[in-house]
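Shared between the two complexes below is chain A, which has chain B as its partner in the first and chain C in the second.
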Partner chain A sequence: MEAALTILLDGLQFSSYLFIVSAGLTIIFGVMKILNVAHGSFYAWGAYTAAFFIGKFSDMGLPDALGFLIIVAAAIVVGVILGFIIEQGILKHMYERDEVLIVLATFGLFLVLEDIILIAFGTDPYFAYQPMALLDSVELGGITRDVYGMTLIGVAAVVAVGCWWLLNKTKWGTLLKAVIFDREMGISMGINVPLVYTLTFIGGAILGGLGGAYIAPTISVAPGLGTEVIVLSFAVVVVGGMGSIAGAAIGSLIIGILRAIAVHELPQVELFVVFAVMAIVLVFRPEGLFAPAKPRKI
Partner chain B sequence: MFNDRTAKFLLLAALVICVGGAFAPNWIVNQFMFGFSRALAILGLMVLWRTGLVSFGHAFYFGLGAYAVAILDSKLGVSDVFLRLLAGAVVAGVAGFLIGFIMRNYRDIFFAMLNTAISMVLFGIVVKTESLGSTDGFAISASTIFGLAPETKYPLFVIITLVGLTAALAVNFYLKTTFGKLTTAIRDNEIRVEYLGFSVAHAIHLKYTISTILAGGAGALMAMSLGQVDPESMINWTVSGELVFVTILSGPGNVIAPFIGSLVFEVLRTYAFELAPQAWQLIMGATFLTIIFFLPGGIWSLIEKLGGKKNEK
Partner chain C sequence: MTNKLLKGALGFAAVSAVALAGGIAHAKDTITIAVPSFLTGGAAGPFGIPAMNGAKMVTDAINAGKLPAPYNTKGFGGATASVIPLDEGGGATKQVAEYRNLVEKRNVDAIVGYISSGNCQALAPVAEELKQFTIFATCGTPRIFEEAARKYVFRTMGHATADNVAAAMYVKEKFPDMKGYTGINQNYAWGQDSWRDFDLTLQQIMPNTKASDKTQFPKIFAGQYGSEISAMSLDKADLIHTSFWGGDLEAFIFQGNARGLFKKKIGVFTVGGTAAYRLGKKLPNGLVLGARGPYGILVKDRPSALNQWFINTYKDIYGIYPSGPAYQYGQAILAAKIAYDKAGSDASNEQLANALRGITFESFSTTVEMTLGGGHQAATENGYGITEYDSENGENVVKDVKFYPASCVLPPEGQNSVDWIKGGMKGAKC
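Let's look at the complex of A and B:
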């Protein structure tokens, strides 16, 4: 029973963090049709920025509670700066090119951003445990969990509800859906599509950064961070259906819980299981498990 | 075939390189060995790229080839160069042929992603399996040639060059056959190709299998050149990215391009690493972006321009 609860909570935590990162990836894909490999770098940048400043603030004797502010600020700063530069500097000039070529360009960006991290932050790992230590741990059904990890689930829920609200209840969401459905028609109706693209990319980048910044206190922030995350988020968005927020949620739940089961019961298959699911979904339902049928445009 | 400029050039170049290698210092020989080993995989990816397909997971076949050599070596003690090469190419080719039945129905992003998924499955298995060397991989004993153990790397270098030559000539010949010419045709308009009476699925399946055999052979040669295999530098998705990178760098223009591109890649990597150990990926990434933006035809298009398009044949 306790083991099952541990698996469930571990799975939910892992799913939550996957969801935050993948939501950004899937939004960018849904609107702009860009499969952004550099998304892994947003994550890594978020983690490094947060860890660096949490450490600095703590050294300066400022209260540890500021850590939470830093996490949010790091995500926003990283997302806005990197997102803006990349979209305006590189991607904007590629929209007319082949989709696959854009993927390759983002891979080039990924390599560049990985090394700028090394240059900026060095190769030594960072530990930013303060926010986690601050929240202590709780007894829950006979097992001890740290509260910080549990708040991750809350953050993911906030992100999910926020995305849903933005898409379905605001004018911006309606515009966004119009652009997703038919970009050219959107332009002719007077939607400022370039602006929508820029904002979408920045929004997605912020989510990527937030995933990294929020997870930073629970891990050692070391080089190569983004490499694993990006393929995991690919698996998530593929399983749920590329371009759908609900899909990202379902995908991260499936992958997160499967991985938690694997870690506890059969650690040898931890990675295998994730990508086997991805491959199987691609083979049988390339559009994703729960993606609605698409109307074909001529 | 021998009226063909490309074939003539390849034969001449191989001769020059083989002879030159005998006098070249060790590090140059090494660069050529790594470069030409990788070039074999690039040759296959080039065939796919001409068809409009980009695989972000050919490290699967590259890794299969490399690990075939490693497992033959550690479990059975096979050290013959040709047996090892054959094993790598056959294992990868069989896997590629089988997976090709699924893969031939996929295009664009989905093609790239399914390949990634499959390669990461193998990565996941290898990393977590003790008997497959886990994250450490295997060291590979020195290769022998018909039972003889050469003292220098030169014989292996000659073999790699000759294998590269053979593969390049074969692909060059293939691209001139009707089925081979279906590459660009499929990229431009699949429906028309079907109306011409060809099966697009069959054509793609064949090209995919060719590319996997070549990638497997490349992995086997790379394993022998390096003397070791490990998942991080043989199977992880970044390796697939690297292979695609070199393909774009080389350009799809000619079968010579992958060899030039791979050499440039090796040299670039070595120098970037020496110049700035913390920034070599940055240099690679920036080069990649520059190529995508300003030189979509890769290095080969530069050569074509310099040679006034004479080599295009």
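Let's look at the complex of A and C:
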């Protein structure tokens, strides 16, 4: 029973991490049809910005609790600045181009942003352990768990509910769904599609940044950390269905829980599990488990 | 006219023959040494940059003739070396292409470096094919010299077998009541070899202990170890072995420490030395710490002139004590100097290899004996200690440090590491 609870919590924690990052990726794809490889850079920039300022504030003797504020602020600042510059400066001029070209452009951006991280922050890793240390740990399921790691589950839940509310209960969500369903029809109905694109891209970037910023206190924030996460996020999005928030949530849960089971019961297959799930889904349902319905145009 | 020409030609030929016979050498004034190391990615800060710093510092000192005796002659066989720093990141395929480029297009004189076992494993046959004098500085897998004879490739530090046999011996000595053990190692040559050697050695020297059947092998640079820490917390094993390095090492220490892992289990970190100076108070007390040999924090108090020069110069330049990778790269550059001093700055790759093969030399912190792998693989002592935060001086120290001689922790020449350990480590002189 203790083992089952531990596996469940481990799985939920890892799923939450995957969901926060992949939600941004899938929102951008759903609305803009852009497979954004540079999403990994939003994650990395979020992590670096949070770690840098948490460290600075701590050195200045300010309360460690400010770290939580910095995490949120870092995500927003990174998302707004990078998202706006990339969308307005580059992607906006490529919307009429082939989708593969746009993927290549985002891949190029990913490499450039990784190099800018090196210039801006150097090669030495940053440590921002203060928020994690502040929340201490608890005994649960026979083992010690850090409370900070478990709060990730709550953050993912807030993101999921927030996305659902935004899409289903607001006028903005209705506009988004209209653009997702048929961009041309949206334009003809008077929706400001360029604005929708810009705000969507910034929103997705904020989620990517939030993933990095929230995870920063638990890791050594070092160059290259965006690479690992983008590979996992793609797996999640492919499993759940590209462009579906519910799909990203279910995909994260499937991959997170199965990975946790593998780590506990058969560690040799831990790496294999993530991509086996993706392969199986691609064989039987190539569009993913929860791909949004596509309109048939005549 | 014809006679004059003939006489002139004969005269030129005679002078040339005399010159050649007399061995008039065209000693080079400068040589180029390519130094690959991780300059980007998670391994750069804790590993690649200190390694590069060590290489540059020692090269500069050699060029200026400022190393302590007996290495206080200027240059590499008299030649001034310029270092070409290269990023080791990007994987083995990229490194093989870069290596060919260095040899075939940039015509470097020597290649000294490499941290990743995966890269060294891929590059050794390429170096042999291109007949390029190459010194591997840090990479650890023993397979490089055990699976094939090498002519141009050298490694100037001990391999992973020494790290893990020494770790097992230290565990036996300090924790004789240990009942079971598990491990978390990166899923590639380095991590797999490290766990294999540690496990096999404990089976030999502590036969009553039991290895967990759920040892963890996460992907390199995974960074997130929440599930692995849970699995190891639930495991009955009372000891955790890891050969994690770089950002993975530091992330694992953070996450494990937050979850009290190292209060309940004995942590054995074979490459933990790189974190000792960087993490400060965040490094838990009581970890069994190695530095892949007699380097870094383990040898901080060794009083030799070479070692004190290394520590003080490094601290003056970079503001931090040198960790293992700085020593290991400095040691490899020193080996290159010894080879050039012996063979001459204009020496061929073959002559340089002959000069280094099988020699013994005093390095900054230890004696290096090139006695394994046909004289291409170094044998050095290996040691471990236990971490403790010295609050008075505000830094980490290691206590209960013990060094094991090379003849105790490395197989004799000609023997495969795995066979040697499985056979009960016959001939080990401890």
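Please note the rule applied: the second predicted complex is superposed on the first by the 290 of 298 C-alpha atoms of A that agree within 3 Å, B and C clash if a C-alpha of one lies under 4 Å from a C-alpha of the other, contacts with A are read in each partner's own complex, and residues count from 1 in each chain.
Here is the rule we go by: contacts are C-beta pairs under 8 Å (C-beta built on N, C-alpha and C of every residue); 3 or more make two chains touch, one makes a residue touch a chain.
Here the structure is a predicted model, which means the values were calculated and not measured.
Enquirer: Judging by the criteria at the top, classify the pair chain B and chain C on chain A as clash or fit.
Expert: After superposition on chain A, which the two structures share, chain B runs into chain C.
Enquirer: Once chain A of both complexes is superposed, is A:L271 in touch with chain B (first), chain C (second), both, or neither?
Expert: Both chain B and chain C are touched by A:L271.
Enquirer: Look at A:V283 in the shared chain and tell me whether it touches chain B only, chain C only, both, or neither; answer first, second, both or neither.
Expert: In the superposition, A:V283 touches chain B alone.
Enquirer: Answer with first, second, both or neither: which of chain B and chain C does A:F42 touch in the superposed model?
Expert: Neither partner.
Enquirer: Should A:A222 be classified as contacting the first partner (chain B), the second (chain C), both, or neither?
Expert: Once the two structures are laid over each other on A, A:A222 reaches chain C alone.
Enquirer: Could you look at A:A3 and tell me whether it touches chain B, chain C, both or neither (first, second, both, neither)?
Expert: Touch status of A:A3: second partner only.
Enquirer: Quick one: classify A:T144 as touching chain B (first), chain C (second), both or neither.
Expert: Second partner only.
Enquirer: Where does A:Y214 make contact in the superposed view: on chain B (first), on chain C (second), on both, or on neither?
Expert: neither
Enquirer: Quick one: classify A:F52 as touching chain B (first), chain C (second), both or neither.
Expert: neither
Enquirer: Looking at A:Q13 after the superposition, I want to know if it touches chain B, chain C, both of them or none. Which is it: first, second, both, neither?
Expert: A:Q13 contacts chain C only, not chain B.
Enquirer: What residues on chain A does chain C touch that chain B touches too?
Expert: 114, 118, 123, 227, 267-268, 270-271
Enquirer: Tell me, which parts of chain C touch chain A in their complex?
Expert: It is residues 39-42, 44-46, 48-49, 89, 187, 214-219, 221-224, 226-228, 230-231, 233-234, 246-247, 250-251, 254-255, 258-261, 264, 278-279, 282 of chain C that touch chain A.
Enquirer: Going by the contact rule at the top, pick out the chain B residues touching chain A in the complex.
Expert: Residue list for chain B touching chain A: 54, 56, 102, 106, 108-110, 112-114, 116-118, 120-121, 123-125, 127-129, 236-238, 241, 244-245, 248, 278-282, 284-286, 288-289, 292-293.
Enquirer: Spell out the residues on chain A that touch chain C in their complex, using ranges where they run on.
Expert: Those residues of chain A that touch chain C are 2-3, 6-7, 9-11, 13-14, 17, 114, 118, 122-125, 127, 129, 132-133, 137, 142-146, 148-149, 215, 218-220, 222-225, 227-228, 259-260, 263-265, 267-268, 270-271.
Enquirer: Can you name the residues of chain A that touch chain B in the complex?
Expert: 35, 37, 90, 93, 99-101, 103-105, 107-116, 118-119, 123, 227, 231, 234-235, 238, 242, 267-276, 278-279, 282-283, 286
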